[in-house]
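Labels run A, B and C following the written order; every chain starts at residue 1.
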Amino acid sequence: MSEKLINLENIHKDYGGKTVLDNINLYVRDKEFVTLLGPSGCGKTTTLRIIGGFETPDAGVVYFDGKNMSDVPAHRRPVNTVFQRYALFTHMDVYDNVAFGLRISKVGESEIKERVERMLKLVNLPDYGPREVSSLSGGEQQRIAIARALVNHPRVLLLDEPLGALDLKLRKDMQRELKAIQQQVGITFVYVTHDQEEALTMSDTIVVMNKGKIQQIGTPVDIYNEPKNAFVADFIGESNILDGIMHKDRLVSFCGRRFDCLDGGFAPDEAVDVVVRPEDFEIVPPEQAQMVGTVKSVVFMGVHYEIMVETEHFTWMVHSIYETHVGDRVGLFLTPDDIHIMRKS
Amino acid sequence: MKNRKLASLPAIPYVFWMALFVVVPLVLIVVYAFTSESGGFTLENFSSIGSYTMVFVRSLVLSLIATAVCLIIGYPVAYVISKEGPTFQRVAMMLIMLPMWINFLLRTYAWMSILENTGLINTFLSDIGIIGLINRLFGLSIDHLPLINTSGAVILGMVYNYLPFMIIPIHSVIVKIDKATIEAAEDLGADSVTVFRKVIFPLSLPGVLSGITMVFVPSVSTFILSKLLGGGTSMLLGDLIELQFMGGAYNPHLGSAISLVMMIIVMACMAVMNRFGDGEEQAVIM
Amino acid sequence: MKKKNGFWGRFLTFLLFFFLYAPIIVLIIFSFNSTKSRTVWTGFTLDWYVKLFHNSSILSALYTTLLISVLAALIATIIGTFASIGIFNMKKRPRELIMQVNNIPVINADIITGVSLCILFVFLGKKLGFELGFGTLLIAHITFNIPYVILSVLPKLRQLDKNLFEAAQDLGCTWMQAFFKVIIPQIKPGIVNGLLMAFTLSVDDFVISYFTAGSVETLSMRIYAMTKKRISPEINAVSTILFATVLLLLIIINVREARQEKAAEKRRASFKS
């Protein structure tokens, strides 16, 4: 068995003259939880649909386990899908929904019964078999959709924004539960979402996409701490992004001042994007500060305060657990590893 | 999607069916209207329509009156019903629809026996002495009121038969008006008259328009009502057409020309109304 | 908005129902009258019903009507259901064009539909050597039924979760299996309502039949012939039977719709929670 369970090579997709996917190269390892993350219209769902076989790429090849799968129709691929609004069959009860795929592949009824019951137990809905689908809550329908897909023992489960229709509290619970289910059944999950927090908490690997292109592939920690470009930095978490000049390796200037940093490999005096996470600032007395500004607004966010600090050149978003007041003069301090330098894209 | 073409294949038998039995017949009407019996091109069919101007006028007048009466009765009723609870509304709408599903001829026949000279109304009136009273007051010696075989009876037949077509679309539009819109208007200081004039009525206009169409079209084209209730004394457009195809005056070319003119009149009326409603004419078809 | 109607509102509604139903009730009452009088009640009888069922021309007209209605409704439902699926999958432009054509028989005056088909049948009949009769009558009925089937099935397709078909394929269904195991059962309520509506329209139709039936006679046409001659209480008896039948059919349709709406509401509510 090859390391790469799914491999997409040079995938292109146009929709009525508009490029939806532009040279997508991507592989998914066995038993991995991969998330395709990006704003709406970035091509993440199309990528998922190409893997599922609901969409044919204009160019490029899809490999499953090293075999070219491009011409295999959806109903013969070793994947199953959990759709955005679940697409449950409302003319059947829960049991028949879950048993549907097994019946199509002509599994014996006694085995079906056993597998369906095991699956309903896995999604914490034992004894729900005889219920009508329409009588279930959103969260319950969600679990049935997962059970209906997993009961077929797919190699890969594809999930298209499965938590999108649920409210916040339920979504959090389901995130945890989904992760637990994935570890329990031990198969590959390919998950599509536009919610960066969801991606960060659940994934082994995140693929950030924008405008049909892959922006960055990496672990949640990598993506968060080392965003490759301004788009990723802005999309993952909140960031201050401003223009700067890279004088030489490890020396950048912005806001009319030079800062030490950790990045290098740029041309002398190259124009760059400077990214600073709001939580990386330290608020210090003005005399110890690199920059001094006035507090414009303070909003309590639960754990921290979100403070807007207006300095001479830039208004910074700063997260701090200490309260300040509008009109205060405050100093800001950054250490070299707080400053991230990105090439202009 | 690649299978899009494939997925629209099931419509093929239907497309052929509709082309052959809906489009071609209409084309034939146009062709017949412009040809003579020998097959040559002619405008004679249209010029001979001139002698039937009275029929056109009478048809239009009677059906416009009937449409107006339906609107005057139908709108308040639809409005009143829409204010009731959901169960009442469901039952009321079903009761309004029910007569529509009874054979048209039978509904009309029911009125015949009521309006006849020896019918229920006249018998009742003479039994309680009204007829006698009239005779004494005006120095007449009638034994019944002339109810049947009048234009009034034809209009009554139109109103009775097509009133549901007016109520149903208006009602279905009014109930769909977002309650929040009305509350917002009230919140902004509108009294109930203003709310009706500025919010409910304009929003219900699409229903009114499709109601008008659904009453006017069958009214202007009927040939049964004039025969059964008008006593054949006042010929309508429908009678004229029927006469050319089924009657003694067999002349499908003239019949086609009349049909074509009628269609054009109807379409013109609908176009004018659509302009009023700004094209918002999602006819509510039951 | 929830200001209830006062006395006048209720009174208006009552007047309307009186206007709508009084003639029908009079009609029904006098179907049981023992003489031919339609104004004086002379006693109860079922004679007119007995006579009705010995009247061979009415019975054969009834048979024709039922046969035509059942056949036309079934064929129209099959053609219309497949057509709906096809139309649903079309691109916007052809779909809109077809829906325009679909609405022609719905909006057009019946008499136009009738005479235009009459012209076509006479025209083709001369060329191909057939006469107006059962066949042309059936074709005419199918033609005016199909649009209503489509108007009742198409909205059900639009309400479907757009991934439903793919979900079936995802679970191993071929195109055909997905169609018969998932799509058809899901839109079944629309199909059944379309069928019932087509049937009712066919039973009810007079104008279009009148122009396309040739020497064949439907019940409506028989009634028309009877009203033109001397009026007989047998017509009242026919009306009563038809009224009862239609009432039953409508109750069935409405109860079904109410049940579907309730289910749909539950589904919607469950999504919010």
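In this text, contacts are C-beta pairs under 8 Å (C-beta built on N, C-alpha and C of every residue); 3 or more make two chains touch, one makes a residue touch a chain.
In this text the structure is predicted, and so the values were computed from the model without any measurement.
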Pair of chains whose C-beta contact count is the highest in the structure: B-C
Chain whose average C-alpha position is farthest from chain B's own: A
Centre-to-centre distance between chain C and chain A (centres being mean Cα positions), rounded to whole Å: 53
Interchain centroid distance [CA atoms averaged], chain A/chain B, Å: 60
Mean-CA-position distance for chain C and chain B (Å): 18
Contact set on chain A toward chain C in their complex: 52-54, 73-76, 79-81, 83-91, 100-101, 104-105, 134-139, 141, 148-149, 152, 165
Footprint of chain B on chain C - complex, ascending: 1-5, 9-10, 12-13, 16-17, 19-21, 23-24, 26-27, 30, 38-40, 79-80, 82-83, 85-87, 89-91, 94, 98, 101-113, 115-120, 122-123, 139-140, 142-143, 146, 148, 150-151, 175, 200, 204, 206-207, 210-211, 219-220, 223-224, 227-228, 231, 235, 238-239, 242-243, 246-247, 249-250, 254, 258
Chain C-touching residues of chain B, taken from the complex the two chains share: 3-4, 7-15, 17-18, 21-26, 28-29, 32, 73, 76-77, 80-81, 83-84, 90, 92, 94-99, 101-114, 116, 118-120, 123, 160, 163-164, 179, 182-183, 192, 213, 217-218, 220-224, 227-228, 238, 241-242, 245-246, 252, 255-256, 259, 262-263, 266, 283, 285
Chain A-touching residues of chain C, taken from the complex the two chains share: 161, 163-164, 166-174, 177, 181-182, 185-186, 188, 263-264, 266-267, 270-273
